[in-house]
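Just so it is clear, A, B, C, D and E label the chains in written order, and each chain counts residues from 1 on its own.
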Amino acid sequence: MQINGEFQPKIVAFCCNWCSYAGADLAGNNRLAYPENVKIIKVPCSCRVNPMFILRAFQRGADGVILCGCHPGDCHYTSGNYYTRRRMALLFSMLNYLGIEKERTRVEWVSAAEGAKFAQTMNEFTEAVAALGENKRLEDLRCKK
Amino acid sequence: MNNSTENLQKEIIRSSGVNPKKCMRCGKCSATCPAYDEMEYHPHQFVYMVENGDIQPLLESKSLFQCLTCFACIERCPRGVEPAKLVEAVRLAVIRKQGANHLKADDIPALLDEDMPQQAIVSALRKYSK
Amino acid sequence: MQKVTCDTLVAKACELLENGTVDRVLGWKNGEFVYDVTPALFTTVDDIKSEFVFNDFCGANFSKYLIEETRKTESKVLVFLKPCDTYSFNQLLTEHRFDREKVYAVGIPCEGMADITKVKAAAGDGITAIKAEGENLVISTLYDDDKAVACADVLAERCVVCKSKKHVAYDELLGEDGDVIDSNRFDEVEKLEAMTEDERFAFWQNELSRCIRCNACRDVCPACTCEKCVFDNPESSVVNKAISDSFEEKMFHIIRAFHVAGRCTDCGECSRVCPQNIPLHLLNRKFIKDINSFYGEYQAGAEAGSRAPLVDYTTEDIEPTDAVLKGASDNA
Amino acid sequence: MKVSYFPGCTLKTKAKQLDKYTRKSAEVLDITLEEIENWQCCGGVFTTARDEIATKLSSVRALSEAAKKDQILVSVCSACHNVIKQTNNAMQTDDEFNFRVNQYIDEEYNGEAKVMHFLELLRDEVGFDKVAEKVKKSLEGKKVAAYYGCLLLRPSSVMQMDDPENPTIIEDLISALGGEPVIYPYRNECCGGYIALENPESAKARSNKVTDSAAKSGAEIIVTACPLCKYNLEKNGSEIPVVYFTELLAEALGVKEEN
Amino acid sequence: MQRIGVFVCWCGSNIAGTVDVQAVSDALQNEPGVVFSTNYQYMCSQAGQDIIKNAIAEHKLTGIVVCSCSPRMHEATFRKTAAAAGLNPYMVEIANIREQCSWVHKDMPTGTEKAIILGKAAVAKVNLNAPLKPGESPVTKRALVIGGGIAGIQTALDIAEAGFPVDIVEKKPTIGGKMAQLDKTFPTLDCAACILTPKMVDVAQNENIRIFSYSEVEEVGGFVGNFDVKIRKKARFVNEDICTGCGICTEKCPQKKVPNEFNLGMDNRRAIYIPFAQAVPKVATIDADYCTMLKTGKCGVCSKVCTAGAIDYTQKDEIIEEKYGAIVAATGFNPISMDKFDEYAYNQSKDVITSLEFERLTNAAGPSAGKLVRPSDGKHPHTIVFVQCVGSRCAACAEKGKEYCSKICCMYTAKHAMLTRDKYPDTDVYVFYIDVRTPGKAFDEFYRRAVEEYGVHYIKGMVGKVSPEGDKLMVQASDLLANKQLHIEADLVVLAAAIEPDKSARPLATQLTASMDTNDFFTEAHPKLRPVESPTAGVFLSGTCQGPKDIPETVSQASAAAAKVIGLLAKDKLTGNPCVAGSDELMCNGCSSCERVCPYGAITYVDKEFRMPDRTTRVRRVASVNEAVCQGCGACTVACPSGAMDLKGFATKQIIAEVDAICR
């Protein structure tokens, strides 16, 4: 998306209900600004995020997808984020193997107390994705121009 | 820590394979060391001083040549720190320098007696010179 | 040249069928051309004697067929398994996909199967007959004199980098068992990893743009045994195959590879059947290589009942950000 | 049983007794010791530094030789055994070390050989019960103190021979030979080792602690597997005789020459 | 098609200051399914809620979206509002346009635009919402406590006090646990038996409590509120109902050479025995491993002397089946084996002992009748060396020690040292420590008293070797502060052995599908906020089975666990979280992937018959989710390759609809 000639990336953030969504709320409570490009989808646990959701977001025009969950060891469901960690390690490595820029995907552990970390993470991530420009590659992977 | 000390510290840690940060300062290595009284710096001090980059005093110390490599400190350390390996790495840092052999072949005849097994000579040479 | 002959297999199949151990046999028979050997189900001794074949083109992995065939019988199914097939066999057992009691598995040694594309490249088109003679295949064509090519030169890629000559499951073994091989099957993956993002993208775009979505890779895959595939399920939100700019058109291969990650035994059937010759195994092998490097060596199917890496974890696992770097830089 | 045998330099000179009685006992016990061809000195001590390559090559060559013949590599000198076993372990566990060593040797070696001390061979392959059956002259009534020193037991994670603090292997052998093992606290403490060369006083202090402790516990004789231990204990005035365990073994098996 | 109402809240100026609320409600008006859209100053106020209720009635709404503050603030409020108006509460979705929009974005245009997108995503989701009804299950009003130490005793007493029946299963012949073996307790130094045994008697006399001593849990089935448990009551060859506990049999039994485990093998008992005088239940037990009658059929002395006729050599193990609503694990701890620490000569000298053995040696009911003597020769020790952290904080080798701090050793060693100096002032006492850890009420003061008033020598450093020489123990140690190696001639060495969970805990955890950490301590549902619950619903944790603890902490945790159990048993029915997983059996492959990632053991497999299109039937293995146990994390939904497993309230379709709405 271009606004005033400036590229505005679309960012989807999946946040687990117990830590990261609460961390985002805390960023709000403390009025810690981060780009409006970031739109949050609440999931019960980061382990609910299916790789299909991430690819779907990219396919529908997202330029970056970030996944936030409780810190390892602090999962509300004890082990959900450990599975997330494995799944995303493999998925992200595969996407990069296919030539998709590694900066477009990210997992970050944000606790309910880390409002500042949430805002900072979103600032950094948006900046990194903006620097890459529009996400064309996943769109183009099967279409040679 | 200046650059050369830091490099030396890194080199010692790398060559020994020891992570001095694992030490919890219990002192069991020094409690177990049979050469304790011969040493100016004791095994737990080697670990602490390498961790802090306080290596110069160790390089100059005769303690380097008092370790018996009996592995008792390695065996009994509750944290798996393996102090003897650090002592060895520091000693190598000294004797690997040109002309810094602690024991020279020429010195040996004077130290020998007729019952002394070959093993003692080769071991000492391995430990004390390059 | 295979060490076990067709006659041996026919004899074994007839024996087990006649003595009532099994009531059906999974085997191969000739297709339209001598080299397109197809899987077949035999229920009579006569059919077996007349149609059963076994040669250097019998690459098909039968494990997957057991799901359906065991459901159809109260007796047992006889299946011939090459070493690589036994891994798929175990993996399916791990996932409770068929009843072990209903299978009589005969392990057969394998010297590697031939790749018809390579054969054609060596001997030309219009092949009318192929005969194994010693270490060679003698190929007759419409246009030329008979030509001998070394088996080793026309070996399928997956056989060139064969990971194991050892059978990990069987009821009976014909011939000698081999060993697990320290193969260099990750070389191609490493080559890709060493490229830049741009080069990798160009490579995959070139490959995947050829895909015609025939689903052959999925249908043959012994790990893809879902009762209903998400890509066939209108309720899954990802089905959409008619629309060219659809999600699945682009993501099919990534999701498919992810769904079999940690379960794929690297049997190579996907690439064998791809009519567009897309090296699909390079996707699966990337996952296998990453799994090995992130979580320790794991071979799906090596042991029935083992815990697949994606349904397992340790508290010290690598972080995704580091994983991407490690996955790309292991060999760069 | 055929095994590869690494005698070591001292066994060819000052510790000929150790070698001789090992061979004699082995014969009685149907063990064929095939001496490694062109073996070289193990270096006496294992340098723990991971970047110390050259000094460990002689051990690697011996190991590789034994592996090629698919034989257990047996040594009887504690020091040789310690160096060889630790080197083999490094070849198995330290990838960088392994890589660098393999740059120097002709045939790739990755720690395939099985290394055993002669004592382990007697316990695990022959069996002390079998040894006991071959005893001709029981050591009955003899109070024997086993002196392990450092090198047989430590580091236990690598040596894996016995409990490093409460070992029993030599005691069990003594019992098998009909003798009466004497347990004393300093049997796994250092004799001073090579320090004898530079600081004999230090070695004396160590050794005296060991021999005094053994004597107080009522031992009549001390057995060891290490020539340097034997030297240190004897040189520093042990009241009780110090012999190699193989000498005692040979005596019990009836193959010791009477002086 | 849903009929959706949208309600945009101003939150005073909190939202309306940065978001054009009118523009938002106008924009959402045109979204698919939306039939009504409005905005109001405070949607959570009574007036705001009335707007919602009236709109539901007036426009026959089937779903509502509230664009307001975080769902963590008012989702519950609006769900209640919807329910009051007859709408299923799970047909409500919240678009968080305050915390995640108006408060973090700078100007009206960007805030408004984002608020509209968030609203659209919520509308897209509600379009796919379905009414959800939480499952209900009845509660069996009886609790099971596994382990009869002080933790189990306290938990059982508290539950019983609240009026619920509770059973204690204890594998030993008596309850009491480790505390029964202790002499005095820190930091007050009151005698352990004096405070424990009255509680044991309370347990025995409480009508709500049954004790299954000499028993073990054999099998656990069911789930929260409805556990089915089989308990094996081991044959003790004595009829518990008849035995009077007179003890004559334990005096007359001719088999005298049985190591007495209550005194840690420091003296002997008979083959028929009562562990200690205050045992509960106070009945005899025959040790089948040693009883001559049971082994050879010849003897029968106990039977002859028993006037009550309680001896029954033919007794067999008995299986008791019972239903429980809640289960409490209170399996306790043991000191680790000292076999791998022979540098301290534990196996070579009788005078090297563990701290628990020291407790018995100083206990009036112990093997030396409370006189502190050397086990080897019965002489009074003049120099005692205590060694701390033996096997605790040990990271070198997992087979040897434990990586964690055992927590109680610093305090009990201070107690031992102090008591020794108090009773035997002629004794020199050394304590070798790495750190002295005394967090606890009056703990540090206690330790300081040991040093300052009782003159205990605390030396920072470790002992490297203990050498038994003659009748002395030569202790070689380091004094780190003096930078010296010490050689102390001691008479007695006491090792503060690390503690580890009882070996029975691991198999029990498997039966309970409760998780454990790498050290075999039970894992809590949340390390800070739910420390007495296991992640498995209905299973609670009491005492050291969850981690090292001293007595006051154990008792607090025991009571906390009891409170949780009482809270559960007080309910007639359990209402579950309706956002649970469910498997579409037609698509399920039965592959077990979901079962393997489920942290709660909520998934099982059943063989089910399916009618095929060709009218044949086929039996397939399919997953089945126990909704009472599922907590709704969703791990299974991603593990499932076929997409058969989905999560209610967070269905794949719903999340994809949100993704689409945001990326549109």
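Keep this in mind: a residue touches a chain if its C-beta (ideal position, glycine included) is under 8 Å from a C-beta of that chain, and two chains touch if they have at least 3 such contacts.
Because the structure is a prediction, the values reported are computed rather than measured.
For the pair chain B and chain D, chains touching both partners: E. Number of steps on the shortest path from chain A to chain B, with steps defined by chain touch: 2. Annotation of chain A and chain D: jointly contacted by E, touch as defined at the top.
Among the other chains, the CA centroid farthest from that of chain C is the one of B.
Centrality by Cα centroid goes to chain E. Each chain's centre was taken as the mean of its CA atoms, and the one lying most distant from chain A is D.
Per-chain Cα centroids separate chain C from chain D by 53 Å.
Averaged Cα coordinates give chain A a centre that lies 36 Å from the centre of chain C. In chain A, the residues that touch at least two other chains are 51-52, 56, 73, 79, 83, 87.
Annotation for chain E: residues 343, 397, 465, 597, 639, 652, 656 touch two or more other chains. Along chain D, residues 165, 189 each make contact with two or more other chains. Working note: touching chain pairs come out as A-C, A-E, B-D, B-E, C-E, D-E.
Taken in their complex, chain A has these residues touching chain E: 10, 12, 21-22, 24-25, 27-29, 31-34, 36, 39-45, 47-53, 56-57, 60-62, 73-74, 76-80, 83, 87, 119. Remark: chain C residues 71, 94-97, 225-230, 233, 235-238, 259-260, 307-308, 310-312 touch chain E in the complex.
On the chain D side of its complex with chain E, the touching residues are 157, 163, 165-166, 183, 185-186, 189, 213, 216. Contact residues on chain C toward chain A in their complex (touch as defined above): 192-193, 197-206, 208-209, 211, 230, 237-238, 247, 249-251, 254-255, 257-258, 261, 283, 286-287, 290-291, 294-295, 309-315, 317-321, 323-328. Residue ranges on chain B touching chain E, taken from their complex, read 22, 24-33, 36-37, 42, 44-45, 72, 76-80.
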